[in-house]
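Chains: A, B, C and D, in written order; residue numbering restarts at 1 for each.
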Amino acid sequence: MRVVEAALAACLLLGGCVLWGARIGDGSARAQGAGPADAPIVADLVAASRILADQGVVDGFGHVSARDPGNPNRFLMSRSVAPALVTADDIMAFDLDGVPVDPRGRAVFLERFIHAEIYRARADVKAVVHSHSPSVIPFGIAPQVPLRATYHVAAFLAAGVPVFDIRAAAGATDMLVRDAVLGRALAATLGDKAVALMRGHGDVVVGPTLPMAVFRAVYTEVNARIQSQAMALGGPLTFLDAEEGEKAGRALDQIHLRAWELWKRKVTGAAQAPAPHDR
Amino acid sequence: MRVVEAALAACLLLGGCVLWGARIGDGSARAQGAGPADAPIVADLVAASRILADQGVVDGFGHVSARDPGNPNRFLMSRSVAPALVTADDIMAFDLDGVPVDPRGRAVFLERFIHAEIYRARADVKAVVHSHSPSVIPFGIAPQVPLRATYHVAAFLAAGVPVFDIRAAAGATDMLVRDAVLGRALAATLGDKAVALMRGHGDVVVGPTLPMAVFRAVYTEVNARIQSQAMALGGPLTFLDAEEGEKAGRALDQIHLRAWELWKRKVTGAAQAPAPHDR
Amino acid sequence: MRVVEAALAACLLLGGCVLWGARIGDGSARAQGAGPADAPIVADLVAASRILADQGVVDGFGHVSARDPGNPNRFLMSRSVAPALVTADDIMAFDLDGVPVDPRGRAVFLERFIHAEIYRARADVKAVVHSHSPSVIPFGIAPQVPLRATYHVAAFLAAGVPVFDIRAAAGATDMLVRDAVLGRALAATLGDKAVALMRGHGDVVVGPTLPMAVFRAVYTEVNARIQSQAMALGGPLTFLDAEEGEKAGRALDQIHLRAWELWKRKVTGAAQAPAPHDR
Amino acid sequence: MRVVEAALAACLLLGGCVLWGARIGDGSARAQGAGPADAPIVADLVAASRILADQGVVDGFGHVSARDPGNPNRFLMSRSVAPALVTADDIMAFDLDGVPVDPRGRAVFLERFIHAEIYRARADVKAVVHSHSPSVIPFGIAPQVPLRATYHVAAFLAAGVPVFDIRAAAGATDMLVRDAVLGRALAATLGDKAVALMRGHGDVVVGPTLPMAVFRAVYTEVNARIQSQAMALGGPLTFLDAEEGEKAGRALDQIHLRAWELWKRKVTGAAQAPAPHDR
């Protein structure tokens, strides 16, 4: 493990800390507002990327972003790299047109407009996950089978899960949300919901915090797997209804950090030796 | 590995030993009855938590408890933490109202009433597992598809697996068994069985010993996976009948410890170098 | 890794070697015929046990045996222990009544009669695997759905896979083949085939060599998974017919050792540094 | 890790480098054209073999080849060994009749004619993967269920996936493509497509580069799993149509290397410490 990695792991263990030194936040421009200046959110984004890979939500593709805590008209996301490989130095800032603030020659994700347009449309959203979550894709291509909440941990699905078909917005495409027009169409389909499926592509998940968006992305995948297995049993199924979903969703506000802590420890290699009174 | 962890692993290897020292059982009150004074059961509870995580029965959520061997009106369970992270120092004692004996400011599980009310109702029960066992949840939401024993290792299911629907007890809720009334309703549904499913939530598994409860929780998950696959083949299925289940269940009394030993070695890192004449 | 383990790994790497010293083959009686005197087969049995665990064919239960190369009226099998934990010192010799030759107080498997009666009935059989192979159990309880060969690697299934229902032999039991009468009934159902399913229990797989029996056990599991997925697609399926199965089966005689070598390296920790001209 | 392995890992990290020294490229004949003289492609072939094993496309069987960059009438492929164990020294050159250029006594794959005849028929193909990809086999034996593109990452399937039934070419066989006649029949079925299924056997995947062939092989497996799960939901499904497939396929030309880099780092053990500005 290199020094930067070790420092990052230490920061994650401590629950976020100011990163310093030459390699991370290594200069004047970035440290003074032209880039990702808020170190705890950077460390959490790195953890979020690796958690999503470790939990099987993303593979070589997919990305997670967070609204800049210091500037609501910006969001933070890695350069174009596989999520499992993201380090703090990969995190870049973008404005709501998807333009990088300080590109320094780094390649950016083509589909950053997914993030930009959702942040523009939804002031309540502080984090966005886009993935090709493998158990979820079937529901995006089965127009008669809505994704439903099978248990309380996926309560955020009970309010409904819309499906975005890019064909309705733009005809035959390469399926990618590669400009602001397509990003706005997706954001419109998402509406005020937590999750929208993307036909022939994957899904997008949002949250009021980064840990909550990651939590929802993981349990959207888990719930899809459970629902598929339940449907294969045959016979009618009883899903959470809207009222149960709303009440159970509030309970998640309190307990989702238990999962986030576990996942974060796992990707930072600290799972084997937790401090006994750590929270 | 920290010293405490190493000591714990050594104890697990030896099949249980008295834990000593400042960090575990570090004081007068706990050692003299106000807390989890029985060290072998504490070490087994830590192993049980980690086994259930390692075997895929629990994720960041779920909990396992054991009745206090020294006081049948108390049970032992970890503070509110992901099962994979539990250490001996996290184990707390509760009375049968779910009140912690020596809280010391530690957060406790909201759903401890599942455990408390089952211990109150069932003198034969010495251990309880509550989980969101992923292959089991489908059976909880498919009211026409009972969980059945597909093979002798899951014989304890042959007597029947009731389904608890919290809606019948309390209308639209957040699905959580968060008080004694709900705990009693769940215990009433469980009756004298080994397993009860919880609609839109998970399941609860009990046993006459901690290793047996863990064994049943693991094979309830495995059996659910097998039954789902068998049902997908189409055509009629032949499950164990009640008499086969009763007889095969008695055989498990003798052999379940073979699995428990394997699982315990795996989570304590001792699986690679077993002593040849260890039991 | 203990010295014995290291020596064993070295032997496995070298493709079998004479084990010596005090701990393995440590005495007069065993080395002179009262016990497992043939060291290469002992090392292969240890590897076979660990391979079957590593490949998901066995869990805490299941066992593999080999006919004693030096005495066709004896077979070698471990004491009663989880297959992943077997070491050379655990291997015991049994006669064809299932009686251990040199028990030395070690616990033996209740179902050793599966092995004993198949060796008695089938002179061509040199190795037997009994498991609760999880993807295979569904086919044992679905009387209208025969297990078929979906591809050439599972060609040995094309001759037919009988199903043993212990109820036909003995009425309601604990499902265990716990005596010679039940063992003979199972051997009769197996007939001249490579695999027999056991209703509500698992299966038994035999082979003309130990690597071939292990190979067949692994690909019976893989094939069951593939067939289940193929049946879920709906529509008719084209399996290997008897002639294709017979021809493809002969090809396996030549190539199955490629898999055995891979699996053996994996369980002995040698997979990462193979010698480039090792065979 | 042996020195050769370490050197190889270093080369892979650097994106390909000239291998030197006694063990790899250790002589005059090989270095001067009688064998695999192009070291970067050799290193990539080793990585490709291990990636396909790591991603679950191949097990002990299967093979990947690349057309020799320096001689279009030759291709490079390992000797007969499990893909996970391939090292640079195992890579051999073959002509388009499947004859090894410099055998040195090494065993070769029986089915090298799959590769030879596709390279002969398809000048655009620079790499070929043959596997028993487990989720794909069901589609090869279900003649009424074509494999379709469920999402843009598998766009290369949208042009159609033919099925090769060796029985149509040669009657009842051992299912193996063991000569040039069978190889040509398979190449004819493949036509100008990226993937052909092989009934009762597996599939073959081709690409204009080695990373693209590996990418397609991995996502053929992933797509088959997704399509199976989608079909199990019941109801109609919306797959990518031909125009979407063609457009999305072009987008893959740009982004598939992101996955290749991730997978390569994983099999070379470098995934945990990527350089922040490595590409």
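By our rule, contacts are C-beta pairs under 8 Å (C-beta built on N, C-alpha and C of every residue); 3 or more make two chains touch, one makes a residue touch a chain.
Since this is a predicted model, take the numbers as computed values, not measurements.
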If a chain touches subunit A and subunit D alike, it appears here: none
Fitted rotation between subunit B and its twin subunit D in degrees, CA, nearest 5: 180
Farthest chain relative to subunit B (centres taken as mean CA coordinates): D
Between subunit C and subunit A, distance of the C-alpha-averaged centres to the nearest whole Å: 46
Chain centre separation (subunit A, subunit B; CA means) in Å: 32
Set of subunit B residues in contact with two or more other chains: 232
Chain contact graph, described as a line, ring, star, complete graph or other shape: ring
Chain pairs in mutual contact under the definition given at the outset: A-B, A-D, B-C, C-D
In the complex, subunit B residues that touch subunit C: 149-153, 155, 222, 225-226, 229-230, 232-241, 243-244, 247-248, 250-251, 255, 258-259, 261-263, 265, 271-274, 276-277
Contact set on subunit D toward subunit C in their complex: 1-2, 4-5, 23, 59-61, 80-82, 84-85, 87, 89-90, 106, 110, 132, 134-135, 137-139, 141-145, 165, 167, 172-176, 199-202, 228, 231-232
